[in-house]
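Naming follows writing order (A, B, C, D and E), and every chain is counted from residue 1.
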Amino acid sequence: MGKPVRFKHKKKHYTLPEPGTTPGFVFIDSSSLKPKINFYSFSASVFNMVQLNSLLDITNKTKNKDLFYWVDIKGLNSAELFNVFSEELKIHKLVLEDITRTYHRPKFEEYDGYNFAISRMLRLGEDASLENEQVSFIQTKNVLYTFQETYEDCLDAVRNRLKEGKGNIRIGGTGYLMYALMDMIVDSYFSILSKWSEDMDEIEDRLLTRPDKSVMYETQLVKRNLIAMRRVVWPERDKMNDILRSDSHLISEQTKMFIKDAYDHCVQLMDMVESMKEIASSNIDMYLSIISNRMNEIMKVLTIISSIFIPLTFIAGIYGMNFAKQDPVTGKVMPANMPELYQAHGYEYTLLVMAFIALVQIIFFWRKGWFK
Amino acid sequence: MGKPVRFKHKKKHYTLPEPGTTPGFVFIDSSSLKPKINFYSFSASVFNMVQLNSLLDITNKTKNKDLFYWVDIKGLNSAELFNVFSEELKIHKLVLEDITRTYHRPKFEEYDGYNFAISRMLRLGEDASLENEQVSFIQTKNVLYTFQETYEDCLDAVRNRLKEGKGNIRIGGTGYLMYALMDMIVDSYFSILSKWSEDMDEIEDRLLTRPDKSVMYETQLVKRNLIAMRRVVWPERDKMNDILRSDSHLISEQTKMFIKDAYDHCVQLMDMVESMKEIASSNIDMYLSIISNRMNEIMKVLTIISSIFIPLTFIAGIYGMNFAKQDPVTGKVMPANMPELYQAHGYEYTLLVMAFIALVQIIFFWRKGWFK
Amino acid sequence: MGKPVRFKHKKKHYTLPEPGTTPGFVFIDSSSLKPKINFYSFSASVFNMVQLNSLLDITNKTKNKDLFYWVDIKGLNSAELFNVFSEELKIHKLVLEDITRTYHRPKFEEYDGYNFAISRMLRLGEDASLENEQVSFIQTKNVLYTFQETYEDCLDAVRNRLKEGKGNIRIGGTGYLMYALMDMIVDSYFSILSKWSEDMDEIEDRLLTRPDKSVMYETQLVKRNLIAMRRVVWPERDKMNDILRSDSHLISEQTKMFIKDAYDHCVQLMDMVESMKEIASSNIDMYLSIISNRMNEIMKVLTIISSIFIPLTFIAGIYGMNFAKQDPVTGKVMPANMPELYQAHGYEYTLLVMAFIALVQIIFFWRKGWFK
Amino acid sequence: MGKPVRFKHKKKHYTLPEPGTTPGFVFIDSSSLKPKINFYSFSASVFNMVQLNSLLDITNKTKNKDLFYWVDIKGLNSAELFNVFSEELKIHKLVLEDITRTYHRPKFEEYDGYNFAISRMLRLGEDASLENEQVSFIQTKNVLYTFQETYEDCLDAVRNRLKEGKGNIRIGGTGYLMYALMDMIVDSYFSILSKWSEDMDEIEDRLLTRPDKSVMYETQLVKRNLIAMRRVVWPERDKMNDILRSDSHLISEQTKMFIKDAYDHCVQLMDMVESMKEIASSNIDMYLSIISNRMNEIMKVLTIISSIFIPLTFIAGIYGMNFAKQDPVTGKVMPANMPELYQAHGYEYTLLVMAFIALVQIIFFWRKGWFK
Amino acid sequence: MGKPVRFKHKKKHYTLPEPGTTPGFVFIDSSSLKPKINFYSFSASVFNMVQLNSLLDITNKTKNKDLFYWVDIKGLNSAELFNVFSEELKIHKLVLEDITRTYHRPKFEEYDGYNFAISRMLRLGEDASLENEQVSFIQTKNVLYTFQETYEDCLDAVRNRLKEGKGNIRIGGTGYLMYALMDMIVDSYFSILSKWSEDMDEIEDRLLTRPDKSVMYETQLVKRNLIAMRRVVWPERDKMNDILRSDSHLISEQTKMFIKDAYDHCVQLMDMVESMKEIASSNIDMYLSIISNRMNEIMKVLTIISSIFIPLTFIAGIYGMNFAKQDPVTGKVMPANMPELYQAHGYEYTLLVMAFIALVQIIFFWRKGWFK
């Protein structure tokens, strides 16, 4: 028996604020990272990127209506930062609460003058655990603010496209940029699923060649990851649908065609997740049937050997009894006691009887198909 | 085998009124608590709290239209109390029936001049049992009446915010206050789920290290609690949705934005409950497969030992037989009887044969992978 | 092993009319009961009850528009009776067919000048079987006709309230009276569920203390009853909803508020039925895991004892062999045959070896945790 | 072990036309039956029935607008026949394709001047197999054409009612006649379900008294039949609903009231099918638990007997060893070898020890409850 | 035990483009096939087919408004090709992306001046694996472009009908041609299902006659294929529905009647897939119950033989003990030691006792029904 593979849940234990705090309370988790702010300004022909230390006076910095701006914030540990959003940009405090409490489902909400959205960025950690990070979006006419918890992410491809000005990315406005980031995140789900799919192929190979406990443990682990993935993909699809049905003027019709594409990807992801879950379940069923079969096989070996030899041993035991033909003390002869022992060929006949009994049993088991 | 952990259902056995009583009959359960009434009056700048003995003349006490009032009633054992609601405040008798029969699902209903709502307050008792109490709300333009069965609750945080005047709580009116209380109750569900989630982590650890019966019992217990939680969360979500879609002028648009937030929390709770149920089920599957595996292991030990020694014992039995080479009475010599016994090295050859048989079997089992 | 508790299905075998009879054919089951007719006339101040032998001239008897009438018919075995409905009251023949074929689901239908409804009255028989009887309602402006198959029912509480004039019952009209009867029937479902819930508590106690076959049988019995109950409650809820959405002028808005209450009760019943089914299923799972565990325990005892003693018995068998040190006939000495037998302390050493082998095995099983 | 009851699937293997044939291609299966055509003409006072050889000139034969006509076609093997429909009656070729390819789901479609519907006629074959035949309807203002594959059917009751002029059947027009036929078919489902329900009662009796493999096989067979039934009933209900929502002037409002009744029957059938499936599943669960219990019982017998006798046999084996008190060759006395054998009461003490060991074990197993 | 049948997943591993590439990026998989282009022009009286090397100047080639054109492209490995679509035909780049990334679900989308659709062509490979290829359609007023990955397909029947001018195919326009191709693809699903259905019949026969591991493996394989099929059929049905509800002027009402027919086929396919999945699951249940039964049978053989012979062997062991009647050294007589051995008929009595014990046990097992 192999050692059981331990589930590797790198569970993220959120520091929850006290229950009962004021709704809309911006909660700064002191163990989170200090913000790094990248400030991009771009148009079809312009591209600039600077690092900011604070968002003070951001209204002024983004006042040029010919340019689009992307304020890319990594790390949420700054009360001052959220103060700017609350005071200067008049963002609703429930929005800011949602940004700072990073365990929300994907969603899209329209507010006066801006849209708010949440995506969940999934990543396979080093030990194959699933890391799940919140990315929040505030989109105004010409500025997109994004918030994420950690410094690393899977969005560099979009940053590069922005720098190089490929495709629509510089001319599609903040709506298209938000779409491009969301789409990038959804794309990364495909890579993760594809990794799990390979894992499942490998587990399945093992299931068919040398099934042991680890097959069960690892299949359950994949299944559990799929449950976690599904919890993200379903609301992600709903979010895309909300954007499609929204009549916000901040999302252009052209962008909506791309959102429709991302929506289709979500549906496809759901399909894949559900199919993989079904396959995982069917592998578990198969594993259990293999265990049962193996038990049958073990029991057959035991039963064949026991059934053949126990009666033979009994016969040997009979003739190992010491019933006396002659009393050793009185010398009385008792001819009825075990006369077989005193036949000239008793031993040989006994062996023949034993062989016959064994043969009958072997034929019986053969007929039952136990040797197959 | 450890002692089975008993399910701890502190089942609340409601004293039901006779079936067939008049619908709308206010049922005073004589075993319930006498009411304690706290009377809050507040505005942005004012905050007062007094204890009342009765609600007589309540219309007069709440006539100042510049103030909001919260009548916080704990304990329902007073016919006189409900008389006031019925006669003075003209509350529909079906509403009063719903308040006094404290086993209703969460709901929201609009009546002429007031709204009626029910929440269910969940609490983990000392022995990890789930206590489930009804909180009822009657909301008029400037008075909120709340009813609960016991004196303790999880709402003190809201009372403190009201006292300290933090956030919207004093200026949002009775609608916002009702929301704040409901939200507090929903928030407490998260704490309970988080407790169960820790329990499940602990059970899972045990499942993987030293699985015994208690794993099964405790997982079933969590699952059962989750079923109970789900029965509360689903209608809670529907209630929030009903409030959102209501066009009652008693719920302002600003408050509805907060209600939307609470609605999102309910959806998230449902998500979590469903995921946890799936994980509990998959742990039970895993436990069952572990039992099966263990059975396989036990059977393997038995089969290996039996299969090796039973044939050897048979051989020993053969040579323990007493077939006589010479009749003790007549002295007749029978050379065909067990000549092996009289070979100079019969014993050694026999031991070798036995060792050979054992070896063959060990190789056979080794090949079958039974020693792994 | 206890004797299996037999399922007690007192299955009602309806005498079905020939397939292919004319639709709308009023089918008089000759084995059913003769009708007993109670005729109530009432208003806020009036209450009269007489027994009728026939409904002939019923139009005349109910012509006073200031009174409401309830014609309470128990027993359906009278062609003449249905003739009155068909000819004098012009009730649609499909309605009459539905009344006489007493296996319909709860429903509500509006016709010209009257409403038709079906409820199903459930009752626990003496041997805990579930009896399921149809109650039909024809409601006109001021007359309510009710039809039931047997003489006993659970509606006496309503009859008493009518007699005593409590609540709305005399002034609410035929709509309210119909509601009161339906509500009474739905209320009785709660009592039945509550009985089953106690049964399940008792079964569960047995499951945890001395699980035997009866746990399985009885849980399955409860589950089956719950399936039957669900088949009644779902359409009952739909019926209530149909009444709510109906714009029949025969159902007043005030009555609809009560119907809404009954609708809520149905939803709650569904909730309870589903939860109880889930709990029953989880108890069955637990029972199966207990059986598996018990099998493990049995196998452990067998394996420990067999594994320890089979090798020891083999050793004893070895030294029970009769390899001769000296040929009894020729007197030839064969020193290689079983020299151990002729050591001064051979026996003691052998016993020590046996004890050692047993000890090693006990330690092995101890380590495997089989003694726990 | 009884012989397994074989599933009796009299599977109908349709001769499919080549994939890729023109859509709307009328496919004449050469192995099908030649058509027999009965031509009914009727009104409230008129009834005529003649056999036709062909439908040529059918327009002329059905030109009397005061009569209704029913063209009852059994057997579809005639290209000429479908030519008439295509050329003379201008029936859409997709309709004719659907009639000739007899594996369609129940449906209702409106075309210009006529309606098209499909029902599925189920029948229990002699060996309890489920036969599934397609009945197609083309309904015009005053002619109803019906098509079925075989000569026998369950519709004679309707033909008799038509002949005898009972009920609405002659005056309700082609819509009512079509309803009457469809209703007859749905009614026959009830008989089939009732037969299966009796089968399940019988199987259940066997499950509780002498469960063997056949319980499993037969329950699975019923379950499979129920799956097949469900595949027919669901679309049948949808069909009825389509007719109800249709605004075809060919279906009168009076007829729709009857269709509503048939719709209710379909819902009831679905209910029954689902309940029976649930009961079948629960019986399978019970069967499996009975097998497990039986295994437990078998193992208990084995374990009790083995555990008691194996140690005793070992003790007997000990005293069957031949350690010599005196060397037969040298005559050396070895008093340490098996001194028990030479005690005056060694045998009796040994028997007492054995009895004690057996007793201890019996008490142990008794305490474990293994004798119950 | 037979060798396990390996799952044959010929998994198609798509070469995915880098995540994060520009949305709408036309991805040319260099391992795919070079395009072969067949160019059909046709009307009721005209039919021409030529092979093209490139689509350059395609607008000119299709300018005759009296003809319809079908551009049948097999193999997608040509950037130049997609350039034509992008530049000359102004096809949206998301459409071209969808065509080149051949893992999309079936769908239908309307664009300015053209429709876009995807079907999935399923094919059983040589080793019974399921191959799944994407077919894309771009439909304009008088040109239909189709794209597929490989050179072989199941569409030749449609090409032949086009050549021979059977049915509507030449006069129905591009909409009808697109329908005909889609319908052909859906038709081929029926053949595949029919193949699997035969497989399942064969597996089921084996299940009932000689169930071994392969039954489990192969049933799981079919189930998995059914899951894959369902993933295709569900969106296919939705696609058909989208076409039906579309108000694109490129799809005529006549064609929609045919689409409705194809929609019905998809519903029927779903029905069949679901039923087959249920049957597969029930076969797996049956297989598991057969394994359990077989285990019971094996255990019964073991238990009967062990239980009968172990006690007998014990008795033989008793009388094989060497308690001495007379001390060989001192010659002391010990009459209490095994006096049975020195009875004149001790041996015969012992054999009788053994036979009696065996008989009692056989009767016991007979009564328990273990010999059946």
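In this text, contacts are C-beta pairs under 8 Å (C-beta built on N, C-alpha and C of every residue); 3 or more make two chains touch, one makes a residue touch a chain.
A quick note: this is a predicted structure, and the numbers were derived from the prediction, not measured.
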item: Common touching chains of chain E and chain C; value: D
item: Classification of the chain D:chain E interface as same or different, half of numbers criterion; value: different
item: Rotation angle (°) superposing Cα atoms of chain B on chain D, nearest 5; value: 145
item: Whole-Å separation of chain centres (CA-atom averages), chain A against chain D; value: 39
item: Approximate Å spacing (C-alpha centroids) for the pair chain C, chain D; value: 24
item: Residues of chain A engaged with two or more neighbouring chains; value: 288, 292, 295, 299, 302, 306, 310, 313, 317, 320-322, 338
item: Sequence of touching chains round the ring, chain A onward through chain B; value: A, B, C, D, E
item: Residues of chain C touching chain D in the complex; value: 1-2, 4, 6-7, 9, 11, 16, 18-25, 92, 94, 98, 103-105, 107, 210, 212-213, 216-217, 220, 223-224, 227-228, 231, 284, 287-288, 291-292, 294-295, 298-299, 301-302, 305-306, 309-310, 312-313, 316-317, 319-322, 325-326, 333, 338, 340-348, 350-351
item: Chain D-facing residues of chain E, complex; value: 154, 156-158, 160-161, 166-169, 179-180, 183-184, 187-188, 190-191, 194, 201, 204, 208, 257-258, 261, 264, 267-268, 271, 275, 278-279, 282, 285-286, 288-290, 292-293, 295-297, 299-300, 302-303, 306-307, 310-311, 313-314, 317-318, 320-324, 327-329, 332, 334, 336-338, 369-370, 372
